[in-house]
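What follows is chain A paired twice: with chain B in the first complex and chain C in the second.
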Partner chain A sequence: MHDVAMIAVESQSAPPPKLPPRRGRGRVTLDIRQTISPWKQAGILGGSLAIGLAISVVILDFAGIAPLDLAKELAGVFNADSLRSVLVRAAPLILVGLGAGLAFRIGFWNLGLEGQMVFGGIFATAVSIYDIGPESTRIVLMGVAASAGGILWVLLAYWMKVRFRVNEIISTLLMNYIASYFLLHLLYGAWQDSKTAFPQSSQYRPFERLSDIGSGVNSALLVALAVAAVAAWAVHLSRAGFYMRFISANANMAKVVGVPVRTISLIVIAASGAAAGLAGFVNVSSQEGRLTQSFFDGYVFSGILIAFLSRNDPIIVVIVGFLLAVLFVTGQTLQVFYQIPFTMVQLVEAIIVIAVASSEFLIRHRIRWTR
Partner chain B sequence: MTSALELTGIKKSFDGVVALDGAVFAAKSGEVHALLGENGAGKSSLMNIAAGFYVPDIGTVAIHGEAVALSGPADARARGIGMVHQHFKLVKPFTVAENILLANPQRHFRSGIRDIRDGVRKQAVELGFDIDPDRRVEDLTVAEQQQVEIIKVLLGGAKILILDEPTAVLTDVEAERLLETVRRLAQSGVAVVLVTHKLHEVKRYADAVTIMRGGRTVATADPRVASAAELTELTVGQTAPLPDRTERPLGPTLLNVGALHCARSDGQVMVADTSFFVRAGEIYGLAGVSGNGQAELAEALIGARQPLSGEIWLEGPGDIAAAPAAVRREAGLAAIPADRYAFALAGSLSIADNFAVATIESGCYGPPWLIDRAAIRRDASEAITAYDVQGVRSVGQKAALLSGGNAQKLVIAREFSRQPTVVVAHSPSRGLDVRACAAVHERLLAARDRGAAVVLISEDLDEILALSDRIGVMTRGRIVAEFDRPADRQEIGRAMVDHA
Partner chain C sequence: MQDFFINWLANVPGTAAPYAFAALGLIISERSGVLNLTAEGLMLVGAVAGVGTCLTIGNHPLVALVVAMLAASIVSLLFAGLVVILRVNQVIAGLSVVFFCQGLTGLIGTLANWQNHPIAGLNKIAIWPLSEIPAIGRILFVQDPIVYFAIPIFFAVSIFLRGSMLGLKLRAVGENPAAADAAGLSVSLYRIGAIVVGSSLLGLAGGYISVVSVKLWITGMVGGRGWIAVALVVFARWAPWPALAGALLFGCIEGVVPRIAAAGIRAPQYLVLMTPYLATLAVMIWVGARNRGHQGEPGALGQPHVREERR
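Then we have the complex of A and B:
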């Protein structure tokens, strides 16, 4: 029988002692790594990802998609038509990934990305419905309104946290339901499409839509990339980014040494909500062209996944967001041609999250099997 | 008689940094053997080797005369070596009995835990501890947790007991009680190794003392024969002279605390109606038995705790009791908190970042939109040299890898790099060795001579007496007496305990 020799418990500041391997019968020893090279870290992460993907391939095989067919479908993503939809899908994914990553960086667990997307969509649509502003700047105004909607919805949760100590994991998550029922209230009520009587808003006019800007690239992607660039700068180069590291590492200490914890938290959380709100906006404006019942569905999970995989780094968020879009577009094809349910795609997502989460353990610890 | 535990010619280095270089140690059964040395002298490393946590690069470990190659802590435990670490290895949400079961696995959980429970009760009675095996560890005081650790080790059958700085976390009364127990244990035939840097403990409780310096064993002596001065000389190498005090005229009041009330996190009011003032160029010492509101007062002063009511007035911004900590920083307040990793350092971030974080707001490391990393690294490297922070291979390494004394020096380097006008220091030399302690005191006196107002909160009366110009005694959240220098030690002591 193999058992774990010793698990160091709550080592706060003192570096935990290293455990030498035990001789005799086989045994698994576990120790905490003091340091790890970035290459090894990337290797472990990549390895876990590969294992997660391998499991996904096996499951899809059981669902009736032979690995070879799967490879063919994946390769098919790179023809012009599919690539276009990948790029369109990537924009909101990158934005929710940024929203999640920014908040996670300061330890604010914003699980309300969907609610913030909903309010982003609602605010943007309000600008369209009430014809606010001139046509030439309408699209910009919709973007600003969407950000404001996302900020409003996330700051409500932050205010409850500060004022009443309500855990934001619970408040943001539950506020998703409030937001989605408020959306239904609008879509089955005042904002219902009068022409079709479907529960959706009426079609945006052409100048209210994020359009293609040539060679298959939608301007939604430009919005996402611009936000990612600003976030990357803020996180890596600015003083606020420097402070953010202290807030997440030790908020009490940060407060005492004079870091403006409240201000930075407020700005970062607002930015998180704004990114999610923008995600809602680019989604409705570039894909559906109208407010629908389910334009936000599944994005909170995707946002967490992207933030997780990218370790909250805005630059890597862009890459992961793109890869996830590939997964989604392939998933759609698979749904159509192989009749697998959408939950299969979510299952693959979940497997990848678990694989990455477990890689964290291997990055922090070293497991050795000694005989 | 052969030694119960004997280590010879031990060498050990970590990532190229030599921690032990030819260390020797031998303890007999039935004696309390003190291991004395400064921070970083290699005491803990040596004992971690004895307890099987580290494998020595060179050297032998012998138990009862037999050379052994310990393959791990479990092996060491099986051979009767038990170690109680400075940071307890207990699972907080578990009960006492469960924790002990975890360290001493039994075949069956139910009968095992029953046996353990009985064992704990018996052992507790023998040692004179009052430990209920069914209480959760998180509900126990620090002293009680330490007792659990000792019971855990003894129930594991330890005949060689290593205590790593056991009294560092205890009050004087608790420490005395523990050391009495340790003496009795030794009389019953256990070899006790007492790792410490407190000379008076060695003089009072140890049968033998081994002194380490810089990873080497420098001497083994009989503490009843050797004088305190001799032992100090051996420990420190050269005795650090107390800095001279220059008398200067006092300046205006820089800090005024008025009718301050603070509550602990559980709502208990710990600071009740505390008022005092500190002038430019003086050190105001706050003496008192630990737990009389000093911690809460210090936290309120540095901005870590919101007071219930009252005033904290600083020259410049005025009353800052309700203001964020950033305001007092701008006014030139320096904070040296007692718990370094709670309020002064972010262990997971680099030394350079920890150094720069307090001053970066001033713009000295570039504009808000672009921080100047090169300047941060340069200034941090300079400060580390100037303040003699040791064990730094690169300013990019994590602050948590610094030893206690060096972490404190890093805090002081940062806090004093800005020429503070008001300094709040809470137990600034706690856990530090003689030399680091002297360096800290020198910095506090230098700040005072430069015209800063210094508040020194300490449970160590010697420290208070050596440094303070005026002394307030804090009891039950109030300042019950004040004394001018030179203060009478006896009178202060009486004020600390007499006040009902």
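Then we have the complex of A and C:
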């Protein structure tokens, strides 16, 4: 029965018209990759990182640093003296990286890391200036005060977000400017060092400074590693870490099934601010030993970079923090010996983030040419 | 007291103009559905390009402003490529471009030795005889030509967005890219176009600050105005005329800061300098408290469009 009908139709219809030749050269289509082998993923990531670094080297070449000199400076970072400054630098970088990573984990764009560092520094210095607490526990108290300062400044932004739906990207960035002007108000006013008349606070006393322990390792680094360990436990092992993943995947769903979204968010964001505040204290106490006008410069984007490259994983944050510290110390050397402005570090950071962010597109999609 | 107000208000168009141009540029690109956080960086690019032009080819402020617009547009191609072609997270891409520009302009300004070299810039013109009207004359009719130029630009963009076919298509891409794609519009092309055109206005805003207002390049001289412009767009609900009103408001706030010291009022200097940022936060809170946070926001703001990805 079927066959007969088919034959009938075929015999009636005219032969199919010849299709006109295709015009154009085809177009690009994107396939969403369902899986990708880890080797390929690492290859794409490594390739784009290499491109980013190559672009940075070319820019530096234009700025007057031959690639060979650059290699020499980079190698020079690994002598004992420079290695010490790398380790000192790494501490605040790891802490801001942790602060950024924690907040990004639940989808809160904490871009106020610099402001939180400033308030961390101010609170800690207030403990020093007003001589609060006995000398033996002074440094602990300063650390606690610094964390409180950071928490205060970040929770203001969180409160504005929850209460008035103020976008935290804008509010935290603006609060950086407010914090830095408040710092200047103190440094040009009540807290100005009476001995030097420079806009900086007076020198911390020895028991208020994070000192070296043994072979050139500063205790600042221990503080950072301890915080990283706690963060790693919270993120990977504790129930809160599971809740955080749930919230970032789907906050509404999490709320519906009974995850305490508000409480977890509050705690995580406060922890983010505390880490940044502590970074401010650690930076001030281990390096200059006094509040300066610009001790926090460039840490917002460094925090974003560390969190982004480490995918908000506290353990990888430590590694990326070290690498970035190498970049910072190299940048300082180039500033001193080649008169390259320190903003160069920011430029290289931005190029690295752009390169890695672009690579994610190639990891997620396959590009094909269809005709 | 009257002098204080006239001096202050005569300053306002000059302080408001960068906000107005920047907000307008952001509105054009965000109406296509791209969350644009690059303002701070592209304004720096415009500022350094403007001063650099004046120091290189002599004092031709109008040429300098055109170069500023072109420079910002060219750098914005980087942002466009990242968010439109590579579909990078728009917040990460925007921030990266800002810090890229901060680094780049700092480097260029220092290497080319453009830092702290004053230029003659663009002077104010008096529209005689209107400029002789007491009080009003000095406020409205003794300004630089770019301020007057802002008014036709606002008319043009407003008509473009609301009344033209191209503007309608642009908004369609921003509201619902999938539907616009199905209707045969090239989402990528519209978005790239909107970013590049909008960014030229960001460049103009930056060039205005360095060539017309300050007449000098200082590293990081935009000083957060770009972020304030981003907030201004939310406040204006992505519409040109409210953005102009907001720009005037912020112009008033910024304009009063130097007047306070000049009038001999003793106030803590650095706390006074906070006011533009505090005012921005206050405005954002006001917007939120009136419970219209998302009104007027382009439907697809911040979302990349991949045709092959079914949502």
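Here is the rule we use: the second predicted complex is superposed on the first by the 334 of 371 C-alpha atoms of A that agree within 3 Å, B and C clash if a C-alpha of one lies under 4 Å from a C-alpha of the other, contacts with A are read in each partner's own complex, and residues count from 1 in each chain.
We take it that a contact is a pair of C-beta atoms (placed from the backbone, for glycine too) under 8 Å apart; a residue touches a chain by one contact, two chains touch by 3 or more.
It should be emphasised that the depicted structure is a prediction, and the values quoted were computed from it without experimental measurement.
When both complexes are overlaid on chain A, the residue A:N252 reaches chain B alone and has no touch with chain C. Of the two partner chains placed by the overlay, neither chain B nor chain C lies in contact with A:A71. Within the superposed three-chain model, A:A54 lies out of touch with both chain B and chain C [touch as defined at top]. In the superposed model, A:H185 makes contact with chain C only, not with chain B. When the shared chain is aligned, chain C comes close enough to touch A:A357, but chain B does not.
Touched by chain B in one complex and by chain C in the other are residues 29 of chain A. Chain C meets chain A in the complex at residues 37, 78, 82, 86-89, 91-93, 95-97, 99-100, 102-107, 110-111, 219, 223-224, 227-228, 230-231, 234, 268-271, 273-274, 277-278, 280-281, 284-285, 287-289, 293, 306-309. On the chain A side of its complex with chain B, the touching residues are 5-6, 8-15, 17-24, 29, 34, 233, 237-243, 245-246, 249-250, 252-262.
Looking at the complex, you find that chain B touches chain A at residues 48, 52-55, 70-75, 85-87, 89-92, 302-304, 324-326, 328-330, 335, 337, 341-349, 353, 356-358, 360-361, 365-371, 400-401, 414.
By the touch rule above, chain A contacts chain C in their complex via residues 29-32, 59, 63-64, 109, 111, 160, 163-167, 169-171, 173-175, 177-178, 181-182, 184-185, 188-189, 301, 304, 308, 339-341, 343-351, 353-354, 357-358, 360-361, 365.
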